[in-house]
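Alright, structures below, take your time with them.
After this come two complexes, each holding subunit A, first together with subunit B and then together with subunit C.
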Partner chain A sequence: MASAVASIWQGITYRGKDGHYAWMLHRAGGLGIVLFLFLHILDIFLVGVGEEIFEFFLFIYHSAPAKVFVMALLFGVFFHAFNGVRIILVDFWPEKFSNLKMQRTLFRIVVVMTLLFFIPTAIITVAPIFGVDLALSQLVGG
Partner chain B sequence: MRVTLRIKRFNPERDEKQHWEEHEVDVEPNDQLLDALNKVKWYDDGSLTYRRSCAHGVCGSDAMVVNGRNRLACKVLMKDLGKKVTVEPIRGLPVIKDMVVDMEPFFARYRAVKPYLINDNEPPADRERLQSIEDRERFDDTTKCILCACCTTSCPSFWANGEYVGPAAIVQAHRFIFDSRDMAVHERLEIMNDTMGVWRCRTVFNCVECCPREIDITRAIGEVKKAILNGGVGG
Partner chain C sequence: MSAISRLKYGSPNRFEAFSWYFMRVSGAVLLLVAVLHLLIMHVWYGVDAIDYRFVVGRWASPLVQVYDLALLLFAITHGVNGTRWVIDDYIHSRGWNLTLKAALYVLTVIFILMGATVIFTFDPDTSTTALNTVAAVFAR
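Moving on, here comes the complex of A and B:
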């Protein structure tokens, strides 16, 4: 455990470049998804326990802090997905993709794709906090 | 120009733990960081301890964390470092004194990959074992390694688990695995396929970013991963 904490600290203080930050975000995103998965299993389980407690969970989900959490999660999911594709390319075709130049290009594509998907969904997610209900928000848990 | 060196110090005879110390030195823009450290050691504080030998990026002894990133002190110029320069020992290996770390765990990983040609066949009587230009080319990149440990000690997987064989040892393994004269391909691939072998690489590229010999390390690791999957180096 102590070594895990030390290595996280080293990860944060080492001045790596894109690959280093991509790795940290990928892991944070992966763990975020796992965390959400557990939460999701729990809330569905609570449907069976009783309507009131489930309603309470929904109430929490609709609160402003939860929406901010969901927004961060969305970023993590999109980054994890697109960066995952980058890692797969690097792993399976090293002779083509595993060099610094290609890695920089791929990383930029990952960032652009992530933002392209993240920005609209983030707006839809947090809009209700400001009293704006974009019609689509029904679909993403508004 | 006048610069401040912020150095992480540790003297086992005096200190309980590491701490920062600052030294101001006058340097020329084209001086190496090693020159600046020498100025501190020779004129300011003789107890400052670091390894160095060739001063020309050949021996691989002066790897350190410079402004947060692994470099050879002799291969980085003061003009590229700014007015305030931080210097720390490389990470993931036990610190002995100041910049000097215990390299034994690193060299143990190196020895583990059998970094020597294995071929029990009789060599031709009248000459050396010949190799085509193409066959020599396959592992040319990985022959350049000077075992400085910049790569391995910049690797998050190595910080998290010091048992990981690490990029430097994989580079060395690659140098022999892809050598057509070597007969121990499968033996080495087995070592690489260990849980502490190539699969711990998370393609972070820190190693490639800091290798002073500009070796495409992650690519070499990728090629070893693929050789394991394909059960050999193939054509």
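Moving on, here comes the complex of A and C:
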């Protein structure tokens, strides 16, 4: 137990700047996503148990406080996805991407791509709280 | 020696080399499959449009069923292997390390079965899955 706390503390207090932030976010986000994945399999399994119990779960997901968790999930997935691309590039083509300058550039691209996907998705997610439906299928009348 | 060359030329731990490779390959697949799933549900339809009828209607298409199964299998294997790495990184007591990983694997098998069952055996006419049939056998 003490060694686990020591290892986790080392992982947080290590001062590696952007590479370290990327590693921490990738790990914390990954754990959050896999936790949600188990919850998501459970809720979709409830479709087979009965309509009422599934709709009850949805009532929770559709509530305003749950949308905060949904936004954290969206941010986590987008960051994990784009940072994963950075990891693949550095690992498979080290001669091109593993130098410090390129790594710094890649990290910035990851942050920009994450925000580019997250911000519009987050706006669509919170809009229903204010009575606005911004889902694309609604906007184009599909 | 890089993990790729370990896998190619053999090494004392081929499983870890495969595991390292698998995370990158499944990650690339999930970049498409998981992100697209997220965009379809949260950007195209919007979460508030999802209800019982919505899900049942989607599973009427075999394409959606296969897509959801691919998503389930890639996401859970990628996620569980990542969790295994995290357990190995932080839990150094051999007993706890093995206990946690055993619990993780049992949970994984149960959840894969739960997901696959509801995707492929859900019958909208009776609102039941193959599990109801199994349960009925035991209830007799």
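Everything that follows uses one rule, which is that the second predicted complex is superposed on the first by the 132 of 142 C-alpha atoms of A that agree within 3 Å, B and C clash if a C-alpha of one lies under 4 Å from a C-alpha of the other, contacts with A are read in each partner's own complex, and residues count from 1 in each chain.
Keep in mind that, in the parts below, contacts are C-beta pairs under 8 Å (C-beta built on N, C-alpha and C of every residue); 3 or more make two chains touch, one makes a residue touch a chain.
Since this is a predicted model, take the numbers as computed values, not measurements.
Novice: Counting only touches as set out at the top, which of subunit B and subunit C does A:R108 meet: first, second, both, neither?
Specialist: After superposing on A, A:R108 lies clear of both subunit B and subunit C.
Novice: Touch test for A:N99: subunit B only (first), subunit C only (second), both, or neither?
Specialist: Touch status of A:N99: first partner only.
Novice: What is the contact status of A:L74 with respect to subunit B (first) and subunit C (second): first, second, both, or neither?
Specialist: second
Novice: Please name the chain, subunit B or subunit C, that touches the greater number of residues in subunit A.
Specialist: Counted on subunit A, the partner with more touching residues turns out to be C.
Novice: Check whether A:P128 is in contact with subunit B, with subunit C, with both or with neither, and answer first, second, both or neither.
Specialist: Only subunit C is touched by A:P128; subunit B is not.
Novice: On the A-aligned overlay, A:G19 touches which partner chain: subunit B = first, subunit C = second, or both, or neither?
Specialist: first
Novice: For A:V90, decide between first (touching subunit B), second (touching subunit C), both and neither.
Specialist: first
Novice: Between subunit B and subunit C, whom does A:S7 touch in the aligned arrangement: first, second, both, or neither?
Specialist: both
Novice: Name the residues of subunit A shared by its contacts with subunit B and its contacts with subunit C.
Specialist: 3-4, 7, 11, 87, 91-92
Novice: Enumerate the contact residues on subunit A facing subunit B in the complex.
Specialist: 3-4, 6-7, 10-11, 13-20, 22-23, 87, 90-92, 94-95, 98-100, 103
Novice: Which of the residues in subunit A end up touching subunit C in this complex?
Specialist: 1, 3-4, 7-8, 11, 27, 30-31, 33-34, 37-38, 41-42, 44-45, 47-48, 50-51, 54-55, 58, 61-62, 70, 74, 77-78, 81, 84-85, 87-88, 91-92, 117, 120-121, 124-125, 128, 133-138
Novice: Report the residues of subunit B in contact with subunit A in the complex, numbered from low to high.
Specialist: Answer in residue numbers: 65, 67-69, 91-92, 154, 156, 159-161, 202-206, 208-209, 216, 218-219, 221-223, 225-226.
Novice: Quick check on the complex: what are the subunit C residues that touch subunit A?
Specialist: Against subunit A, subunit C makes touches at 2, 4, 24, 27-28, 30-31, 34-35, 38-39, 42-52, 55-56, 72, 75-76, 79-80, 82-83, 86, 89-93, 107, 111, 114-115, 117-118, 121-122, 127-129, 131-132.
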